[in-house]
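Both of the next two complexes hold subunit A, though its partner changes from subunit B to subunit C.
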Partner chain A sequence: MREILRVNMSTLTISKEPLPEKWARYGGRALTSAIVFTEVPADADPMGPDNKLVIAPGLLGGTSAPNGGRLSIGAKSPLTGGLKESNSGGTAAHALGKMDIAAIIVEGVPADKTVAYALRLFPDGKVDLVPRHDLKGLGTYETVAVAKGIEASEHRYSEKVSFIVNGPAGEMGMKAAGIAITDPHGYPNRFAGRGGLGAVMGTKGIKLIAIFEEGLKGKEHADKDAFIAAVRKFSGALTTHAVTSQALPTFGTNVLANIINEAGGYPTRNFSSGQFEGVDGISGETMREITVERGGNVKHGCHAGCVIQCSRYYVDEDGHYITKGPEYESAWSLGADCGINDMDTVAALDRKCGDIGIDTIEAGVMIGVYMASGKIAFGDGAAAMAVLDEIGHGTDLGKVFGDGAEATGLHFGVKNIPVVKHQGLPAYDPRPIQGIGVTYATSTQGADHTAGYTITSNVLAVGGTVDPLKPEGQAALSQGLQIATAMLDSLGFCIFVAFAVLDMPEAFEAIHEMAAAHTGDEWDADALMQLGKETLTYERLFNEHAGFTNADDRLPKFFLEEPLAPHDVVFTVTDEELDSVHSFVPEVAAQLGIK
Partner chain B sequence: MKVDVVLFAHFSGFQPDGKGGRHARTFDLDEGTTIADVIAMLGLPDEPRVIFVNSRHAPEERVLVEGDRLAIFPPVAGG
Partner chain C sequence: MDRPAVTVRLFGALYALQKERGGPTVLEVELPPEGVTGAELAGMLDLPLSMIEGVFCNRTVRPLGHQLMPGDRVAFVPEGTPGPHRFFLGLYAAGKEGVETEKTPS
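Moving on to the complex of A and B:
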C-alpha cells in the first residue's frame, strides 16, 4: 500500500498517511499535480508557508519497468506563478518506489530561517529530520561529498544512498534554481531544473534528502509473469528502434545539435538566427570524440533499469570528471545561444550551474539576454562564467541573474526576451519549427520543450511527419504529445521512450500491459490517455485560478514579427488554434468533479 | 554540377575520403542526379534517414541542382 510521507517544516513533524483511494492510479506528475492542485491555494505565495514541495516517483517507480525511474517534483512555481512539475532522472525515484512512498509532501516553513535540515529515509521505514548547518551554503557536489562521508560512516551504507540536494542558488531563493538528484555514481548531476523549485526547497529549510535503500527489494506485482512479459516486450522495442538503440547511446542527447541547426531552428545569439556557424564545436559528435580521446565514459544510464543509456561524463584533459556530458539543451543554451563554440567552455559553465544549483536552460537563456544588452559580448565564455559567479556569490546583480532571463532582460532593457509564462525558451526556435511554438505557448509549464516534443514529427521523422515551416496540423500534434507526455511522466517513464512508442505499436501496448500487470487494475490505451488528460486538467485549472488566461498562452511578439534566417519565417499558428489545445479540459474537469 | 554533401553521426565515416567529420565535401555530379543516387554512391547503410536539401526536408527521389547543400542524418533524437 503506497503512502504519503508528510513533512511539516513549521512544526518539524513527520507523519505517514495512506494514499487516498481517488489517487490510486496516480504516480509521478499526475500525483504531484493533483496534490498541488488540491492542497496549495492558487494565490499562495510560492515562497511562503502555504506552498508545498511534492516529490513523487512514477506509478511504476521501484519496479523493473525499463526507463521507468524518473522523478517528479511539483509545487507552485516561483518563476512561472503556475503549477510546476519538474522531471528528473537519478536514482531517487526507484528508491522511493521501493519504500512504497507515493509522494513526499514538504509543507510549512521553519521559524528559524537560518537552519539547514537533512531529511533522512531509512530502509526500515524510519524517517527523521536532522539539523545539518555544516551543509548550509555549500555547492551541490561538496554537499554530497560531505554528507556521504558522514552518513556512510554512521550507517555503514556504502553506495546505496540517493540524495536530493539543493544548491546555494535555491537556498538564496533565486527563481531559476533547480534541485539536484544523484546519479548511479553518486554525482549530483541530474536535475529537476525548471521553474525555480530549488527556491521552494530553500524556503522549507531542507538542504538535502537522503534515501537509504540498502536491502530494499523491488516492488511486488499483481501478476508477475505478465509484468515480466510486458517488460521484455518494451525493452525489445527500445533496443530495436534506431533512435533509442543507436543514436542516443552513441552520441547522447546532443546528437540533436547538427540536425536542428541544419533545419534552421537552432536558436543562436539570443534567438537572432536559426543557424550557428560554430555548431560543430559543441555538437554531440564532437563531445563524443573529445570524451573518448580523454578516456571518459560515453555511455551509461541515469538510473537503474535504463536500457537507452544516453548519459555520459565530460572529463578534463587528464580524464577527471567535470560534469555529466552536457545535454543538448545545456550545450545549446550555454553554447549557441551565447555564441560560444567551445565544448570545454560549455562543460565548465554546465558544471558551475550544477554546483550552484541553477537550471542550465534558464541560465543560458539569461546570459544570452544579458549579452544582447551589450553589457558583455556574445562568445565571451569568461564573462559568462563571471555571471554565474555573481549568482553563486549572491551579489545584488547575481540575484537579478539568478531570477532568470525575464528578470535580467527587464533589468537591462532588452527588447527581445524569449520567455513564455516567465520561463526561458529551450533549444528550438518556434518560427521554423512551428509545432514546438504551440507547445511553448500553451504548456501549463511555461516554455518547455519536453511538455509536447513536436520535434519528433516536425524535424526527426519520428511518429510521422508534419512540415515544421507551416502552421497546419501543429496544434493537434502538440495536443496529442502534451497528453502523452503527461501520461509518461505520471507512470515514471523517461520521455525518450516516446521515440519508440510513436513508431512501434507494441511499445505502446507494453506500457498499459505493465501498468495492468503491476497494479492489477484495468489499463488500456484510452486509460493511458485519460491519465494524461487528468494531469493536464489539474495543472490548467490551477493556472486559471492563479490568474492565467488564454492571453498567457502566447509567444513573445518578436516571434510573430521578426523573420528568422535562414528560412525568413515568423510564427503563424493562429490564436484560435492555440486556444484549441486545451479543449478537453472542461469535460475532464467535470469527470473529476473539480472546477 | 557542384553539390555540397554533409553527413552526420555515424554516417560521417561514409564520406569518400574516409576522413569523417561533419564538414561539407563538394561533389561533382552529373545533371539529373537524385539524392538516392548519392546515397548509393556513398554506400550508406539501408536504414531510415533524415535528409535536408538547403535546410528543408527532401525525399530521396529529389533531383539535385547546382549549388545544393545535401545533408543526411541517420535517425537521431534527443532533447
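Moving on to the complex of A and C:
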C-alpha cells in the first residue's frame, strides 16, 4: 500500500498517511500536479508557508520496468508563478518506490530561517529530520561528500544511499535554482532543474534528503509473470529501435546539436541566428571523441534498469570526472546561445551550474541575454564563469542573475528576452520549427482526442505531413506529444522511451501491460492517454486559478516580428490555433469533479 | 558551371562510420549538372541506405528520393534522431518515404 510521507517544517513533525483512493492510479507528475492543485492555494506565495514541495516516483518506481525510475518534483513555481513539475533521473525514485512512498510532501516553513536540515529515510521505515548546519552554503558536490562521510560513520546503510540536494542558489532563494539528485556513482549530477524548485526547497530549510536503500526489495506485482513478460516486450523494443538502441547510447542527447543546427533552428547568441558556426566544437559527436580519447565513461544509465543508457561523464585531460556529459540543452545554452564553441568551457560551466544548484538552461539563456546587453562579449567563457560565480557568492548582481533570463534582461534593458511565462526557452528556435513554438507557448495542455491509439496515430499521421516552417498541423502534433509526455512522466518513464513507443505498437502495449500487471488494475491505451490528460488538466486549471489566461500562452513578440536566418521565417501559428489546444480541459475537469 | 559540387555533412552514426574509414565528415562532391537523388549520392559515398533516415537539402529535410543539385548544402541524418524533432522536422516522414518518392526538384 503506497503512502504519503508528510513533513511539516513549521512544526518539525513527520507523519505517514495512506495514498487517497482517488489518486491510486497516479504516480510521478500526475501525483505531484494533483497534490499541488489540491493542497496549494493558487494565490499562495511560492516562497511562503502555503507552498508545498512534492516529490514522487512514478507509478512504476521501484519496479524493474525499463527506464522506469524517473523522479517528479512539483510545487508552485517561484519563476513562472504556475504549477511546475520538474523531472529528473538519478537513483532516488526507485528507492522511494521500493519504500512504498508515493510522495513526500514538504509543507510549512521553519521559524528559524537560518537552519539547514537533513530529512533521512531508512529502509526499516524510520524517518527523521536532523539539523545539518555544517552543510549550509556548501555546493552540491561538497554536500554529498561531507554528508556521505558523516552518515557513513553513523549508519550501516551508508553504501547505498540516494541524495536529493539543494545548492547554495536554492538556499538563497534564487528563482532559477534547481534540485540535484545523485546518480548510481553518487555524483549529484541529475537535476530537477526547471522552474526554481530549489528556491522552494530553500524556504523549507531542507538542504538534503537522504534515502538509505540497503536491503530494500523490489516491489511486488499483482501478476508477476505478466509483468516480466511485458518488461521483456518493452525492453526488446527499446533495444531494437534506432533512437533508443543506437543514437542515444552512442552520442547522448547532444547528437541533436548538428541536426538542429542544420535545420536552422539552433538558437545562437541570444536567439539572433538559427545556426552556429562553432557547432562542431560542442556537438555530441565531438563530445564523444573527446571523452573516448580521455578515457571517460561514454555510456551508462542514470538509474538501475535504464536500458537506453544515454548518460556519459565528461572528464578533464587527465581523465578526472568534471561533470555529466552535458545534455543537448545544456551544451546549447552554455555554448551556442552564448557564442561559446569549446566543449571544455561548456563542461566547466555545466559543472559550476551543478555545484551552485542552478538550472543549466535558465543559466545559459540568462548569460546569453546578459551578453546581448553588451556588458560582456558573446563567446567570452571566462566572463560567463564570472557570472556564475556572482550567483554562487550571492552578490547583489548575482541575485539578479540567479533569478534568471527575464530578471537579467529587464535589469539591463535587453530588448529580446526569450522567455514564456517568465522562463527561458530551451534549445530550439520556434521560428523554423513551429511545432516547438506551439509547445513553448502553450506548455500545459492537451488534445481533444478520445483514444490512446488515436493519439499516437494522429501524432504519426500529422508528423508525416507537417512542414516545420509552416503553421498547419503543428497544434495537433504538439498536443499529442504533450499528452504522451505527461503520461510517461506519471508512470516514471524516461521521456526517451517515447521514440520507441510512438513508432512501435508493441512498445505502447507493453506500457499498459506493465501498469496492469503491476497494479492489478485495468490499464489500456485509452487509460494511458486519460492519465496524461488528467495530469495536464490539473496543471492548466491551477494556472488559470493563479491568474494565467490565453494571453500568457504566447511567444515573445520578436519571434513573430524578426525573421530568423537562414530560413528568414517568423512564427506564424495563429492565436486561435494556440488557444484551441486547451479545448479538452473542461471535459476532463468535469470527469475529475474539479473546476 | 559556377556551382559544380555539393557540400555534404555526415551526422551521428554516419559521422562515426566515416571517421572509422578515415575519411572527412564534411565533403565536397562533384555532381552532374542534372543532379542526383539523395540515395544516389549516398551510394556514391558508400553510405548504407539502411542507416539513413533523411537528407537535409539546403536546411530542409527531404526523403532520399529528392533530387540534389550542384551548389546545394547537403547533410545525411542517420536513423535515430531523438526528441519530437523527428516529427517536427519531418525526419519521420522522410524516413517513411525513403527512396520511393518521385524525384522532386531542389
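Some notes on this structure:
Basically, the second predicted complex is superposed on the first by the 573 of 595 C-alpha atoms of A that agree within 3 Å, B and C clash if a C-alpha of one lies under 4 Å from a C-alpha of the other, contacts with A are read in each partner's own complex, and residues count from 1 in each chain.
Just so we're on the same page, contacts are C-beta pairs under 8 Å (C-beta built on N, C-alpha and C of every residue); 3 or more make two chains touch, one makes a residue touch a chain.
All values reported here derive from a predicted model rather than from experimental measurement.
Of the two partner chains, neither subunit B nor subunit C is touched by A:Asp344. Once chain A of one complex is fitted onto chain A of the other, the partner contacts of A:Glu285 extend to both subunit B and subunit C. Shared-chain residue A:Glu329: touches subunit B; no touch with subunit C. Of the two partner chains, subunit B and subunit C are each touched by A:Ala242. Legend: residue contacts after superposition of the two complexes on their common chain; A:Ala263 is shown touching both subunit B and subunit C.
Contacts of A:Ile433 after superposition on the shared chain: subunit C is touched, whereas subunit B is not. Overlap of the subunit B and subunit C interfaces on subunit A: residues 242-243, 246-248, 250-251, 253, 255-256, 258-259, 262-264, 275, 284-285, 328, 459-460, 462, 465, 467, 469, 496, 499, 566-567. Of all the residues in subunit A, the ones that touch subunit C in their complex are 242-243, 246-248, 250-251, 253, 255-256, 258-260, 262-265, 275, 284-285, 289, 328, 428, 432-436, 439, 459-460, 462-469, 474, 477, 481, 496, 499, 502, 566-567. Residue ranges of subunit C in contact with subunit A, taken from their complex: 9, 11-13, 15-16, 19, 25, 53, 56, 59-61, 75, 77-90, 92-93, 96. Only residues 241-243, 246-248, 250-256, 258-259, 262-264, 275, 280, 283-285, 310, 327-329, 427, 449-450, 453, 455-456, 459-462, 465, 467, 469, 495-496, 499, 566-567 of subunit A touch subunit B when the two sit together in their complex. Remark: subunit B residues 6, 8-10, 12, 22-23, 47-48, 50, 52, 55-57, 71, 73-79 touch subunit A in the complex.
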